Structure formats: structure tokens, C-alpha cells
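Chain IDs A, B and C follow the sequence of writing; residue 1 opens each chain.
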Amino acid sequence: MEPILRIDDVVKKFGEVMALDHCSFDIQAGTITGLIGPNGAGKTTLFNLITGVLQPDQGHVYLGGEEITGKKPHEIAWRGVGRTYQIIRIFPKMTLLENLMVVGKGKERRMMERATDLLRLVRLEEKKNDYASDLSFGQQKLLSLAQVLMLDPQLILLDEPAAGINPTLQNELMALIHRLNEDGKTFIIVEHDMNVIMNHCQNAIALNYGQKIAEGSCSVIQRDERLLEHYFGR
Amino acid sequence: MKIRVGLSIAILMAFLISVPFFATDYWITLLTLILIFTVYASGWNLFSGLTGYTNFGLAWFIGVSGYVSSLLIADYHWLWLLAWPIGALFTGLVSIGVGYILLRIKGVYFAISMVALTEGTRELFGTEYLTPLTHGGKGVPFVAGIRLPTLYWSILLLAFITLILCYKIFSSKFGLRLIAIREDEQAAETLGIHTTKDKIIAFILSAFLVGLAGSIHFTYQNYIDPTFAFNIQLTLTPIVMALFGGVGTVFGPVIGATLFTFIHEILWAELTLLYMAIFGAILMGLILFFPQGLLGWMKEKGILPRSRKI
Amino acid sequence: MTNFIEILIRGLMLGSVYALVGMGLTLVWGVVGIVNIAHGEFVMLGAYFTFWAFSLLHLNPLVSVAFSIPVFFYGGMLIHKRITERLIKEQELSALILTFGMSILIWNLAQFFWTNTYRSVSYLTGNFPFMGIVLARSKTVSFALAVGITAVLFLFLKYSKLGKGIRATSQNSEVALVCGINTVKMRAITFGMGIALGGAAGAIVSLQWVIFPQMGGTYISKAFAIVVLGGLGNIQGALVGGLIIGVLESLVTQYLSAKMAQIIPSLTILIILLLRPTGLFKK
């Protein structure tokens, strides 16, 4: 079956630094994959490449069989790729409702309904007319996810979704992700918290120095020698 | 409530339209200037207030459109009614290219590049090479065959249209997308917003409106030359007006334009030489202590609703 | 051929002064994060400073150049502490508008108090022959002064503790903070240095050209072109950029026209920002 995402021999350099070094992997539709590796391994660069924020120096990116290498970010977004950021990037001077409405395309009323539904999904409906800057950190993370969902994407990239929020909210968030996954959405999650990866992801890909050093189901990764070596310096 | 607002607007417009019938030339002139700067300030605010790209090249729009229209009237004897929109259209069209090229540049650099564009164009118009077209830096005095009241009504109409446009855009999804560009352009892009397209549309709109007002402005002055047309003061004054009234509000620029034109009249009469110095000081004071402007402050304090429509 | 060399040398001499102005601007922009549009006005003030010292106190202009440095340094620090430091947390654009207002305030006050009458400092006059070309005394001395000040600046930045602190703050102010560098003080000092460079350049300029309130305008546009050419915050880049602008101006004035030479700064800015926004040189 055609993978929903294919990264094909991708290279990205910043001056002398090789951020991504001939990276290749496939992501199957409907999976939740963890993307792990130390800081600077190239995870965020990979996200930037997939979403079109950066162009690879070599290699290709395919979404559902179609090449998206070199396409603009807004085009890729509407082809079904949503993405959140490590440092939350919502629009602080807009209300929650506006934060979602600005994303949608189409008739105002339908977008309003959709936005309200999504706010209900993340349990922020009562605050819909509050300014996004008034929200707590965790609430902003949820808002960010809701924004992405306005695109109705098939592939969702989450950059450290669990970081900095309390365990209860974490569980809520992960439960939401599983629900969406059951509806058919594919996730790639960057996380440093190995528990999150092990408990919630089916597969994982490990990067270091821009190279893929391991790939497979989580249980296999857990036992991989090289990975443990890189991560824990054993 | 809506009927009351609509009625007030109708009464105000009726009053403004009737001004030439009872007021002296002095007052008609004053109002004309206020209206011209209202369009300048609102036009600037429409782009810069929403997208956050501070346009320091407003004088470029004004100068280009002003020159095209004035030369059409002076050298080719076109009617002002045609010359003005053609000047504005030309400016709008060229702005597509300028916007496409320069709007890739972010923040301060964009501001600087627009200044460079304005300065460069001014110098260019003054060189020998463009003389056949631009009279090479020498001024072009001309008469457009239009009476003051007609000029006044033209700019009144333009100002009215500009404000309605601003009102509609500020409360639309387009306006929201422009604000998203200001808040976080990259995040907006990855959320599917075609930032380049939206930026350029706002830019062209601003260019057209400001340019049209510029054409009217120079017809009113009966004179144009490069120093006059591409004068940094034409960029600065509308920005100060918008700042004073409230950048990013719909009616801030109008208030700023009205107040400042009156202040200008008073200061100019009393303190001609220090006028600009005071202006500079006011600008500094605004940025340091009052950056949100009058309407912004009123919204913060709750005197006005925090709606985007105002 | 001699003609060409003469033009080149003239351009370098011109450029050396432009470089001083540009280095001042890029220093403040890169380290403090403030785009000082009023920088040109400090060049103007430096020129007037020398003029008034010369006319009223009969002070040797060369001494004025030396004096201008501490005067403008402390003046700059004062301005920074009272005014520009407040905007550090704001966007760059607020500082841009603020300094814009300051620029207008300063040159209009200068115009008010000192009128538009052209002034000059007739101290070094006449030419002298040098290797087959004729050089003006005033320009040669100016060049020497500019080179001297630049050399001192570079030595200071490279070897002094303060200089290292400034370089650290310019590269990464958060890390600098953690390393115990007082970034607030560093910014004030750097701002002062930037203004001092502007004032000194103005003092030097007074030896060669006429002085009038609006003269800052040409210097600021050239300074911007230099900063953009050399790369933001890149002082060596600004030095080279200044020389390039000077030489270009000299060449274009000679082979095209003085009016065409006026377009150089604007054209440079637009071209560089479009093609190589980080400047010609690596940091």
C-alpha cells in the first residue's frame, strides 16, 4: 500500500552543518510514529522539510504518492499536512474562535460551526471569545491542535506535544490523539519523553546527526543497542 | 443601534457634502487637506496596521501616481477625471511587482528597502536621463481645469470609499489573515494561509488608494517636482496620524488626520520654524508612551468595545 | 591611467569617512538591536561641534576631532539610558520610528538655532603633489584620521575586555548574560561608541565640506547602504562596505554624473537586500 509519507534520500545543509544526511523512511497511513533523537539531530528540520518551510538540497518528499518537494507551505497544508511547533505558535491577539476561523476556507457559517465543534473537542468552547493570550500554556497547546484540525489533515506532525504540561492534561491530549488516530489520522510525534513514545506510538524512527539510525516498532527500538548507546552513552 | 449609527453617518455626510455651499475657501481647503491625509493615513494603516509590515515608502505611492496623473494633465492635456485613476492604476500595477519582490524581505529591512526605493526614485526623476519624461527635476506647474468644490467632493468621495473599505476589510476573514501574518507569518503559512497573495493584495489596495489621493493632492497644489513628490514627510505625517489615532483600528487614522491637520494649522501659524522639531518630539513621545494610539488606549480602558470594526 | 588611480584614491578617502559612519551604525544595530535613523544627525552635530569650537574658541579642529570622541560617547550613553534602552524589549520597528522622530527633532532644532547658512572650517587648505597625483590637504588628513580611529576601534574590540564583552553580546545576548556580562551596561557603552564614531566622522567631515543642518541625510542613506553591504553587525564588513561605497561614488561621479551618484546608496540597498540579504561578507 502506498505510504502516506515517503522521505526519499533527503539532504539538508546549513552552511557546513549537515542537518539531514541522506534520510529515508516511509510512514504508513493510520499509524502513530515517534520521532526521537537528541537535540540537533534533525527532527525539527525534517518537519520543516515536510511542511515546505525549507527545501531539501537533495532528495524528495512524497505525500500519498504525490511529490510535494519544493511546494509552498500553504499548498502542503491544504494537501492534508498539519503541524504544531515546539514553542507554541498561535495568534495571541486574536480570540480562540478567530484563531480557528482564520484557517478555514469556505462559507463563514460552516467554518463557524466547525470551529465551535473543534473548540468543544478540546474543551475550550466557553472561552471561544477570549483572547488566545489569556490562555494557560496547556490550553494554548490544545488550541494549536484545534487550529491544525481545521485543515482536516490526514497527516499531523506534533513537535513535543507533551512537553511542559501536567500529566492529567498530557493524558487528555494523548487520548485525543488516539481518538483522532482511530478516525484514520496519521501522526508523527517528536518527543524526548520516552514514556510517551513507548506508551503511545506503534513505531519509532531515531535520528542522530541528521542520519536515521534506527527504525521499527517501538518494542524493537527499545532493545536496539546502537540507539541505547547514542541516547544513554552506554 | 445600527439605525442610529447609520443616521449619524448620513447626517455627517450630508453636512460634509454641503460645505462648499456655505463655507469660505479657507475651510474648504482645510477640509480637503484633512481628507487627503485621511486617505493617506487609512491607506497606510490598511496595509501596515494589519500585516505589521511597516511601509516607509508611502511617498513612493504618492509620488508615482502624482507624477503620472500630473504629467498626463500638464503635458498631454488629459482631463483630471481620467488622469487621476490612470495614475492610481499605474501605481497599483507597478506595486504588484514591487510588492512581489520587496515583501519577501522582513521587518526592518522591508522598511529600509521602501525608503531606499523612494529615495532612489526621487533621485532618478531628477537625473538628466529621464528628462524627456519627467522634466528632469525641474518643477512642473500646471492647471487642471477643476474648481475647488469639485476637487473637494472628489476627495470626500474617495475618503468615504476608503473608510468603508477599511471597515469591511478589518472585519472580514481577509483582514483576519492579514493580522495572522503580523502575529506569526510562518505559522500562518503552515496553517494554509497564502501569505504572499494576501500581502500583495493588501499592498496593491493601499497603493491604489494612497496613489489616487496623491494625484488629487498634486492637482490641488498645481505643482509637482521630485523633492515635493517623494518627500519623506509625505510618508512620515500619515504614519504619525495613524499612530496617534491608533494603528490597526479602523477610525484611528481619521481621528489622527483631523487632529493633526488642525494642530499643523495652529503650529504653522505660530511656530513655523519649530514646527517640524515639535513634530519629531511628538513622534518620539507617541512611540515611547502611547504606542497604541487614542483608539487603542480607549479600547484597552474599556471606553470603546474591543471590536475590530472600530 | 593616472586619472583612474586618482579617482580610486579619492574614492578610498571618501570611503574611509563613510566607513566610520557605517561602522557606528552597524555597531549599534548589531549589538544593541536598535536601528538609529538619527545616526546621520550625530555626524552633523560632530561637524557643528568642530565648527563652533573653531570659530568661538579658536580650537584646532584636529583637537576637536579628538575631543568629539568622549563628548559624543557620553552624550550617546545618556541618550541611550534615557530614551532608547526603553525600547529594547519592543520590536525593532518601534526603535526605527523613535529614532526617525529623534532625527527630525535634532536637525530641525539645529536649523532653528544655527540657521541654514552654510558653514565651513577653513583650516587645512590647498593641495600637494603625491606620486604624480594632486591631493587635497584636508582630504588626506581626514583620511589619516579616519584610518587612525578605525585602527583604534579594531584593536579595542579585539583585545580589550570591554571589546570582547561587546562582541559576545552581539553574538548572543542571552549567553552573554549568563556569562556574567552586564548586557545593559554593554548596550549603553556600545551605543555611546556608535554615536562617538558618528560624531568623530562629523568632526572629520567638517574639515572637508560645508556644514548645514540637513547634512545628516546623505550620511544616513550611505550608512544604511554600508550596513546592508557589510552585513548587519559586521564591523569589518562595514569598513569594506564604506570603502566600496566611496569608490563607487567617485567612479560614478567621474564617468556618469554627480546626480547619478546620488542613486548609489538606494540602489545598493535594494540590490543587496534582494540578492544577498545577509550582506556580502560572512560574519
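Just so it is clear, a contact is a pair of C-beta atoms (placed from the backbone, for glycine too) under 8 Å apart; a residue touches a chain by one contact, two chains touch by 3 or more.
Computed from a predicted structure; not experimentally measured.
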item	value
Identifier of the chain whose CA centre is least distant from the whole-structure CA centre	B
Chain of greatest Cα-centre distance to chain C	A
Chain A-chain C separation of Cα centroids, rounded to whole Å	48
Rounded Å distance between chain B and chain C, as computed from the means of their C-alpha atoms	33
Centre distance in Å when chain A and chain B are each reduced to the mean of their C-alpha atoms	43
Touch list for chain B against partner chain A, complex	173, 176-177, 179-180, 183-184, 186-195
Residue numbers on chain C that touch chain B, as the complex places them	35, 83, 86-87, 90-94, 96-98, 100-106, 108-109, 111-112, 221, 224-225, 228, 257, 259-260, 262-263, 265-267, 269-270, 273-274, 277
For the chain B and chain C complex, residues of the former touching the latter	54, 56, 101-102, 105, 107-109, 111-113, 115-117, 119-120, 123-124, 126-129, 137, 236, 239, 243, 273-274, 276-277, 279-284, 286-288, 291
Parts of chain A lying in touch with chain B, wherever the complex brings them together	51-53, 72-74, 77-78, 82-83, 85, 89-94, 98, 101-103, 105, 108, 147-148, 150-151
